[in-house]
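In the two complexes that follow, subunit A is the common piece, with subunit B as its partner first and subunit C second.
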Partner chain A sequence: MNLKQKIALVVLVVACAASLGAGWMAQHSYAEQSREFISVPPSAQFWLGTDELGRDRFARLLYGTRVSLLLAPAAALLSTLIAGLIGGAAGYLGGRWERTVTAGVDLFLSLPWLFLLLAVRALLPLNTSPVTSVMITFLLLGCLGWAAPARIIRAGTRTLVNSDYLVQAAASGVSRWRLFWRHLLPNLRPILLAQFWISVPLFVLSEANLGLLGLGVSEPLPSWGAMLRELENYSAVLQNPWMLAPAVLLVIVVSCLQLLLRTEESVAC
Partner chain B sequence: MVASLLLRQARRILLTVLLGGLLGATLVRLGPGFGVDERELDSRLSAASQQAIRAERARDSNVASFYFRYLAGLVHGDFGFSRSLNRPVSELLAERLPLTLVSLGYGVLGGVSIGLALALLTVWWRAPGADLAPAVLSGLCLAAPAAVIALVFLWLGAPSRWAIALVVFPHVYRYAKNLLVATSQSPHVVAAQAKGLSSWRVLWAHVFTPAAPQLAALAGISVSLAFGASIPIEVICDTPGVGQLAWRAALDRDLPLLVTITVLVALMTLVVNGLADLSLAAWKPGAAE
Partner chain C sequence: MLARLGLVLVVGGAVAAGAANELRFCLRTDPKTFNPLLVEDESSTTVRFLTGGVLIRLNRYTQELEGELATKWKVTENGRRIDFELRRGVRFSDGTPFSCQDVAYTIRQLMDPVLHSPVGDPLRSAAGEVETTCASPSAASVRFPGPVADLAAQFDQVAVVSAASPRKESAVLGPFEVGEYKPGEYVLLRRNPNYWKRDANGHALPYLDSIRLEIQQNRELELLRFRRGELDIINKLDPDMYDRLSSEMPHAVLDAGPSLDWETVFFNQVDSAPLPEYKRSWFRSTDFRRAISEAIRRDDIVRIVYHGHARAAAGPVSAANHFWLNTAVKPGSGSEAAAMALLQHAGFRRSGGALLDSAGNKVEFSMITNAGNKLHERMLALIQQDLARLGIQLNVVVLDFPSLIERISRSYNYEAVLMAWVNIDLDPSAQMNIWVSSAANHQWNPNEKTPETAWEAEIDKWMQAQNASQDPNKRKAYFDKVQQIVADQVPMVFLVNPNALSAVSPNVKNVTPAVLSPQVFWNADRLQIGGTLVSQR
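Showing the complex of A and B:
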């Protein structure tokens, strides 16, 4: 790990710690409306000012960071598990399974990621409770994001299946299950880990895009995507530049994730 | 060799497009809110008119029959009728597709050109820290959601098509840079440098040209990326293109419109990917396999 990566790691740890300690750090709740402080500038009471409903922007930013930084890895874990299951089985079993999975992957990858996400998200209920909307958004990311990793995992599994030690193990009479769990899966771990880490920033960005299009997390629960919607009001942004804080934090966090990914990408390719 | 690949590509494209359309129709059919038509609440309509609306809805409730009727219409150039916009889908596409194609053209060409130019410059100019500016710029563009890039363009009043280029460029730059750096370290390049060839000649003839087929494959990925980015960009910049139409179709659960856009997008992406594979096969037989 080089110096840049160490700095990136520190920034991520600080962001995670701040979001987890939101209840302790923020003086107000993310949904609490202070009617006498509508759209006020930063002060000792409201570190990033308040929005047009009088809600503390700093508290919303911390809680929004928590939503994005906790649920994007959860969605990445889900998509990696699905990809591992589908891609691993296709590469291990080969033949008809492999052809079917390849066709499915081709179908998923023929549609741009954001279009697929948008179409499927719009088909699910939009007028749900905030917590349900968070679950729907991130479950959707996890369930739809398996195709690209599955292709890489299938290729990795195929290479391993044809490797000398696995052929030798099979020739020695090791059962298919034992071969899979004892010899194949542990060696697939670096690819699975790389795919997991590659998915995290992708899902954070996807949530932000969906949120800005009005298809993400419902109010009053904050998320980076939902907070970015405020930026559509250009004149307000000019007068209150601190409104850019969610965008700046998002870019910093995703940049840090990308910096840490450099080593993972070499495993993924 | 190329002919068999062409045939296989055509078969794959056809099957994937048909499956993609069916998947789109199924999803819309199963989505909540399907079968609800606000025209039924219009008290000015007679009972017969309302009955006709219900019968029209009922016809579409079976996904398979809808899709077969849709495909039969497609053969005759009929893409169906958009209920949410009250216009034939073909008319909507004819109106909006040129604008999106022009934006995608500018975006893909701009993104690929900037990405390749910066990658070549990074490989050619080997001074320490030479790649700092392109790396920071591509890192920033990669870390910003397409919607935020669109917002910046909206604030600046810049044409939204260049926002697509900014989304495409970092992907091209990173891939091209890694590929060109790897090629520039291969033995034939070291031998060419040892023979005293000029750095530009080495870069062009011995680094860029051998890597060109893999770089051509980027075209397919770039088109898919560009279309994905065009959705938030067109919505935020209020550009009346297919990206914005896709967003409205999804929100309004407009089945014929959404299926047509799904088929169109899948077809476009697959054709560009297929062309990239074919060019790779023509350049280096066996590589496309």
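Showing the complex of A and C:
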């Protein structure tokens, strides 16, 4: 691990610790509306100013980080696992299995997911708590986000299966099970990790977009996605650049994750 | 390549600049029809307003009826008959003379069941034929089978079409005629050379040569184009856009004051709704509804959500509606103590941080609104905190609009809803479809076979009475009673009346913004580009 990666690790640990200690660090509740302090700039009382309802941006950023840093990776893990299972099996087994899975993935990607999501929202009970609502959202993202990574994992698996060392191992009588666990899976790890880390920011942004459909994190619970939606008002952003804090934090966290990913890749190789 | 590019840029510049004496603004969608009798959507209504000639026009600024193609009119037989004296020497845009026969033809078309004109709906007062008689080419009498409430005002929406012109409904009597239409791009309205009206100095109206209506759905792009000077008017702005624009172009924004529109909350009181019985009993409790109304701090909604561009609403009549407003009705106080007293009277009590009903059920309910509406989302967040002070847990749910309509109109699977109501009519008869208990839009409990409560029966009685009477003062007295009952029983919690906000380029002259639609261009025939008349006609 080089210096950059050590710094990245420290930054991530600090971000995680700050989000977990939000109750202790923030002076205000994320839901508290200080209606006399609407959209005020940073001050000793409100470190990142307040939003348009007078809520402390700093508190919302910390709690939003907790929601997004916990649930987006969980959803990314779920989708990567499903993708690894389906794409890996298709690439490894080949033949009609591969053709079936490829066709299935194409079909899955062509489905109008917008309408499915709307139907899902219509089926949910209205008195769902904000916490349940956010968990359902990320569960949905995890369950629906596997198809594109599955394609890449299938192609990667296929390449590995046809590689000389795997052909030689198979020819020397190594069992299929051992071939998969001992030789194939460790070499697929960089692809799986890459898909995982790519999915994390994607799911954070997807959660923000789902808010427009009535899915996603409901009031008053904050999330990065919900805070990023405020950036639509670009003139307000120009006047209040501290509104960019969630976007900056997202970039920093994803960059740190990418730096650490390189460590993982080098370990895997 | 460079030369070609240069040519394209020059041509583009010429298109963007438009004609010198041309007004430019946006329609959200393509007009669905150019037939003035079939108009339903907003874009077609705009085109009809600018092109159609009417017998009587409601002055959007003074809120008084004024003669247009009719110089005089008289309503008789208790609202069954109206006699018009028609303006002489008027011609359609293609030169065809205007006469009583055109009025008769328009009424026939309007009432034709095959055509099923939505414009004619308010005139269908009872079963039977509508008779139009022409005593002379300039005298028309229209007799309806039953009384029509506010009969004269209904003709503000009826554009007269020609009985004799080969161009049919394309021949118009309004200040402009449709010159060109490119679907998805624009509608170009050209000056009607035969328009009858002149200004005080004898100049032929309209002053403008043309109006270009650009089809533009994206409101951000519309704002951007206005700032660039590519558009002259934005007829309706939301408060955020208004504030953004006012910081850059303070002389371009107009706030005409509270509009007729409402923002309201109502609770599901439908008998067959899939609700637990204890929740239904909350929603049917007058004290509970009044407590919610008292607890909501409307002043905060006005200040925080609308940045001051709204007024706290007390009832179904906006302060903009000068004649019909019952000034005795006041909005909820926003007082936590007053709300708590009402709840205690209804058997609710605080336990810890939560509010419990008399059976010990925790008071928690959901409130739905349409997704993508930032104003509604902010309002709900404020209401959520206002109610939390009483110990009520409000779950905020945003739904796509079709799902919301499905829930409040068909499945009744909801608890409370926050909705905007667009009101374009000053007259209370336009609200019959909301207040009469048998109406489909009696939203908290639609289509009641008989009134389910004494106060709904009372509202029915006074609404029918005002609708049947032709005496404005009696009608006002009856509708005042309706407003008082609504204030006492709170079937709907009225939150605010948003202001009518617009943007007009300083280059456009004679603008007199009004709260009634169309706010900025209601006097389009007198609008001018620049300071002087471009051509003397």
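Operating definition for what follows: the second predicted complex is superposed on the first by the 161 of 269 C-alpha atoms of A that agree within 3 Å, B and C clash if a C-alpha of one lies under 4 Å from a C-alpha of the other, contacts with A are read in each partner's own complex, and residues count from 1 in each chain.
Methods note: a residue touches a chain if its C-beta (ideal position, glycine included) is under 8 Å from a C-beta of that chain, and two chains touch if they have at least 3 such contacts.
Treat the numbers as computed from the prediction; the structure is a model and nothing was measured.
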Under the stated touch criterion, which partner chain does A:41 make contact with: subunit B (first), subunit C (second), both, or neither? neither
After the superposition on A, what does A:118 contact: first (subunit B), second (subunit C), both or neither? both
Would you check which partner chain A:233 touches, where first means subunit B only, second means subunit C only, and both and neither mean what they say? second
Looking at the overlay, does A:255 come into contact with subunit B only (first), subunit C only (second), both, or neither? first
Partner chain(s) touched by A:106 [first = subunit B, second = subunit C, both, neither]: first
Under the stated touch criterion, which partner chain does A:31 make contact with: subunit B (first), subunit C (second), both, or neither? second
Thinking of the overlay built on chain A, is A:241 touched by subunit B (first), by subunit C (second), by both, or by neither? neither
Residue contacts with subunit A in the superposition, subunit B compared against subunit C: B
Quick one: classify A:21 as touching subunit B (first), subunit C (second), both or neither. neither
Looking at A:219, would you say it contacts subunit B, subunit C, both, or neither? Reply first, second, both or neither. second
Intersection of subunit A residues contacting subunit B with those contacting subunit C? 118, 121-122, 212-213
If you look only at subunit B, which of its residues touch subunit A in the complex? 12, 15-17, 19-20, 23-24, 27-28, 30-32, 139-140, 142-148, 151, 154-155, 224-225, 227-229, 231-232, 235-236, 246-247, 250-251, 253, 258, 261-262, 265-266, 269-270, 273
Subunit A residues within the subunit B interface of the complex: 103, 106-107, 109-115, 118-125, 201, 205-206, 208-209, 212-213, 225, 228, 231-232, 234, 237, 247, 250-252, 254-255, 258-259
Contacts from subunit A onto subunit C in the complex sit at residues 31, 33, 35, 38, 52-54, 118, 121-122, 126-130, 211-214, 218-220, 233, 235-236
Subunit A contact footprint on subunit C (complex, rising order): 240, 244, 247, 300, 303-304, 364-366, 368, 371-372, 377-378, 380-382, 384-385, 395-400, 403, 406, 413-415
